[in-house]
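What follows is a pair of complexes built around chain A, which joins chain B in one and chain C in the other.
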Partner chain A sequence: MKHQEAPLDPSLGSPPDPTLNAGPDQSRRAFLGIAAGATAAVVAPAFVLQAQAVGNPRAERVSDAHRWGLLVDTNRCVDGCRACVDACDQENGLDLQRKQPDQSEAEWDTQKAVWLRKVKLQDNLTGRVSNLPMMCQHCEHPPCVDVCPTGASFKRADGIVMVDRHTCIGCRYCMMACPYKARSFIHEVVEDQLTRVPRGKGCVESCNLCVSRRDQGLDSTACADACTALGHRAILFGDLKDPASAISQALRTMPSRQIREDLDLNTGVRYAGV
Partner chain B sequence: MAIAVIRVSLVAVGLVWVLAAQTVLAGDAQRYVKPGSQAAHSAACVEETNFMRRNHMELIKHQRDSTVHHGIRSTKHSLAGCVNCHVSVSPEGQALAINGRDQFCGACHAFSAVDVNCFGCHANVPRGGLLSPAALAAHGDATAGARPSPGQFMSDTPGPATGRAGGQ
Partner chain C sequence: MKRIVYSEWRMPSERYWGLLGILAAVVGLGGLAALHMEHNGHWVTGMSNAVVWGMPHIFAVMLILSASGALNIATIGTVFGKGAYKPLGRLSGLLASALLVGGLLILVLDLGRPDRLLVAITHYNFRSIFAWNIYLYTGFMVIVIAYLWSMADRMGGPFVKPIGIFAMVWRLALTAGTGSIFGFLVARQAFDTAFLAPMFVVMSFAYGLAIMLLVLMFTFDQEGRPLGHKLRGRLMNLLGTFVAGVLFLTVIYYLTKVYGAKNYELVSWVLFDGGIYSFMFWFGWILMGSLVPLGIIYHPVLSQDRNWIVAACALVILGGMASLYVIIIGSQAFPLQMFPGHTIIESGFFDGVNGEAASYWPTIPEVLLGLGGVGVAMLITAVGVRVLQFLPESLADADVLPDDLGHAAPELAGT
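What follows is the complex of A and B.
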């Protein structure tokens, strides 16, 4: 039981950098950071026990009885807040990426993997600005899957669009096909990937709706949790096929739309207030 | 008579070779299973040792498809499980990369001259947990009802069905 992960993993348990977040609830956030750190310290000595005690690993094939999706209320998304982005980065080990020594900041900005980005929209007629987090939209009819020559880009039965890195050849057709700029290519050797998120050079990747959480029986995503923890509650995760789910009820009662609905992709990520 | 003696001694030599080979194999097993790893304290691997030697790649390959495409995470043939059980630890308490040339995967693959590509993408030490600390914390939260209800989503006052969504 000596082989623990704690010494290898300095970034995950540490409190988030408060300067990155302009949200109002810093004390709660700091507390959550400490709580997360404490949890890490407690569970670290028993890697196996941790996996058994908390997760409920899936034993049956995913089915199309569910379709996972997100609803984003852009009215509640706060300008300058990056909590969801940071949470996504930490969940998936993207915060462990490092700039190559010979790379300029500008080049690094365009090349590092980004699964979730904040986008600011301005209505040029009225001047109204809205903020929204933009990730893979988990299209029902995903163009990325249509163009993939190897079948690596695929849609799981429960609607999650993913890349099977074992078969991805890194051609990046899917990146060009995606209307949402949702996908990233890994340009350099990765040394410090997380156990729950394998990722390596030469493959394309994108938001997978926290698929390891899905398969361990948890009921939310990192971005939605982080947003809720700050009190913004702008992101709601849930099952679009379950009429009783929170997301289905919210979709029934508030106006929402798909980004680029003209493309008829029937996205699993919906936006209100835009 | 002379022929019989030669025959007996040939058999004896053969037996000695078999014994020697088995000793070497046992020695190998001890060398590759790292002292201090969890595996060193286990009576058996997830399948019989000789079967694992020859077929571990098939098991992992099968599991990879069922995990990636069908979301199945409960089976015992996971690469994360191999790493977790076979990783060894330095005297300073640091887990050592399992594909290092003197480590469990690396040593045998170096001996058999087969490249091991798994760790281009997969973590070569247990790192970060199967669930993130944030997920573990939020999972505790979830039982306490911290997730927004449909009514709370969009509303400024936390509480059941008081927001626009619930009110309409």
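What follows is the complex of A and C.
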């Protein structure tokens, strides 16, 4: 293993507990399931499993008292800096990915997993150039969750959108649905990974706002920490539901926007200065 | 009109086993390709994080659409009471289920985790149109089997029509559902339209009928069963109507897209600057897949020639593949428009830097997997017609067409 891992609760290394998933979405899904009476026979086993899981208090229920999000100030994001990208790769073991022997560099670049990337864009009229990090926008109404046939893509009550690696069948429909190209499919056998971020060939994954930190009550993400450590302070992490949080205050004072606001997804990641 | 007698396909044994051998080899290669992809991961394919659905999906969608279209003939026979098509009902049902099995098999084997099929069956997200499609597909199989029973069994008579109507409605839902898999993707400009559902319905009519005609001509010729020229001509006319329908909807689709100003770039990319996709559009979809077959079908001389008819059907199918290539792959290759009014000049993840499209080239395993699915469909059909009575003894015009028409061409009724 290449770098140090934070000490962990053993339960956090395993894929998300189904109880974490018991948000309003889940109950609506259950209702629709019952409504589709004709299908009950096939569906019943899933509900039994779910009921059992709910009875097992392995982790504290994720509460909808929070909604985690990020605010990116593009004016502060530095051209050529990739501290957040490197930090994300290390936090999630993405730096352990290896190109396959017969794979060309060009293929590898399009097939390896990328959770966080830098994008540089230019305004067509004014010529103004901005830099920004792009990742899963943690939509309140996530298209990826809507389309996922097995429910492996899910939104936690605290707004974090992630993939349950036990139920993802690798159909990649969520990747078709995401407007931000935020998701990656694991195209090769995973040889090396971190316990806190289980990965596996044939599943889809994306930024989960450093979910294992959330479950330990830590108050930041790897990307925000790395950016702050360099003094750029372009990424602010926090609770969008807490009016006193730094992110809520910044959002109140600073003009910001969602990318593709026309889709009405109410993203948890907001951008200022672009 | 005579009573129709059905019988097993009695192609000479050696030739039959030769045919099965070839099909089994195609299926075997497809299986190996799937194992190869499953063992190594999808990096051995041309698919990437930008183009996530590739060649296997083209084959799978083609087969699924054709399955629905193949059943269309049975529907015309029973629901709309066109007696001439009735004798084709059984073959139409068999083909429909065989094509569907082939298509679904491709989809399943292309999953990142095909071993988790059980998860897909026990975990449903009822908001996912994809999950709804799983019901539509399984239901389709059940209905087709019931339909076949009602057509074949002595007791089935009174049920043929109700089951036929039900099958028709279900079939339309299935094709529309398949179209909606793409149509509901608001994120992608090319897909963001309810238009794809009706478009897929008409496409299915055309491709299913083309496949049906090829199978019909092949099985009948091998055994010397008579296939009346009038009946064949009718089926060809029907094919012509469907192909023209697809062409018409294609024009409307791109016109409606271009009306929305924000889609102008997408349309001009597909039509002119899309490289392989523009080529597939003009040469594959429009010229070879629509105009040439229409030319053959409505040509007074060529439309009577068996080889030209085979060519027309094959072109319709290949053109269909080209159109799905443009629709499914082209729409992924075209960059997502995340920042209107801006140009992306650098990106760590290929976000269409300077408007550049993502590249995709299918690899051999992908193509073999797709062909394997086609092989499975043909294998099921070949075995089905051999062991069960799916094929009518004669489709000579005098035997199937209403009397006034049949008499007009007694020389063709070579029973």
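Simple rule for what comes next: the second predicted complex is superposed on the first by the 215 of 274 C-alpha atoms of A that agree within 3 Å, B and C clash if a C-alpha of one lies under 4 Å from a C-alpha of the other, contacts with A are read in each partner's own complex, and residues count from 1 in each chain.
Everything that follows uses one rule, which is that a contact is a pair of C-beta atoms (placed from the backbone, for glycine too) under 8 Å apart; a residue touches a chain by one contact, two chains touch by 3 or more.
Computed from a predicted structure; not experimentally measured.
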Contacts of A:C203 with chain B and chain C, given as first, second, both or neither: both
First, second, both or neither for A:S256, with chain B first and chain C second: neither
First, second, both or neither for A:V129, with chain B first and chain C second: second
Partner chain(s) touched by A:L194 [first = chain B, second = chain C, both, neither]: first
Touched partner set for A:E107, first chain B, second chain C, both or neither: second
Partner chain in contact with A:N266 - chain B first, chain C second, else both or neither: neither
Partner chain(s) touched by A:K181 [first = chain B, second = chain C, both, neither]: second
Intersection of the chain A residues that touch chain B with those that touch chain C: 32, 36, 39, 43, 166, 189, 201-203
Partner chain B, residues of chain A touching it in the complex: 1-5, 7-9, 12-13, 32, 35-37, 39-40, 43, 47-48, 50-51, 54-55, 57-62, 71, 73, 75-76, 87, 90-91, 93, 154, 156-158, 162, 164-166, 189-190, 192-203, 210-216, 218-220, 222, 225-226, 228-229, 233, 236, 246-247, 249-250, 253-254, 272
Of chain C, residues touching chain A in the complex: 38, 40-43, 47-50, 52-53, 111-114, 116-117, 119-131, 134-135, 181, 184-188, 332, 336, 338-339, 341-351, 358-359
Of all residues in chain B, those that touch chain A in their complex: 36-38, 64, 66-75, 80, 83-84, 87-89, 93-95, 120-123, 125-139, 141-142, 146-150, 152-154, 164-166, 168
Chain A to chain C touching residues, read off their complex: 29, 32-33, 36, 39, 42-43, 45-46, 49, 82, 85, 100, 103, 107-111, 113-114, 117-125, 129, 134, 143, 145-152, 166-173, 175-181, 183-189, 201-204, 259-260, 263, 274
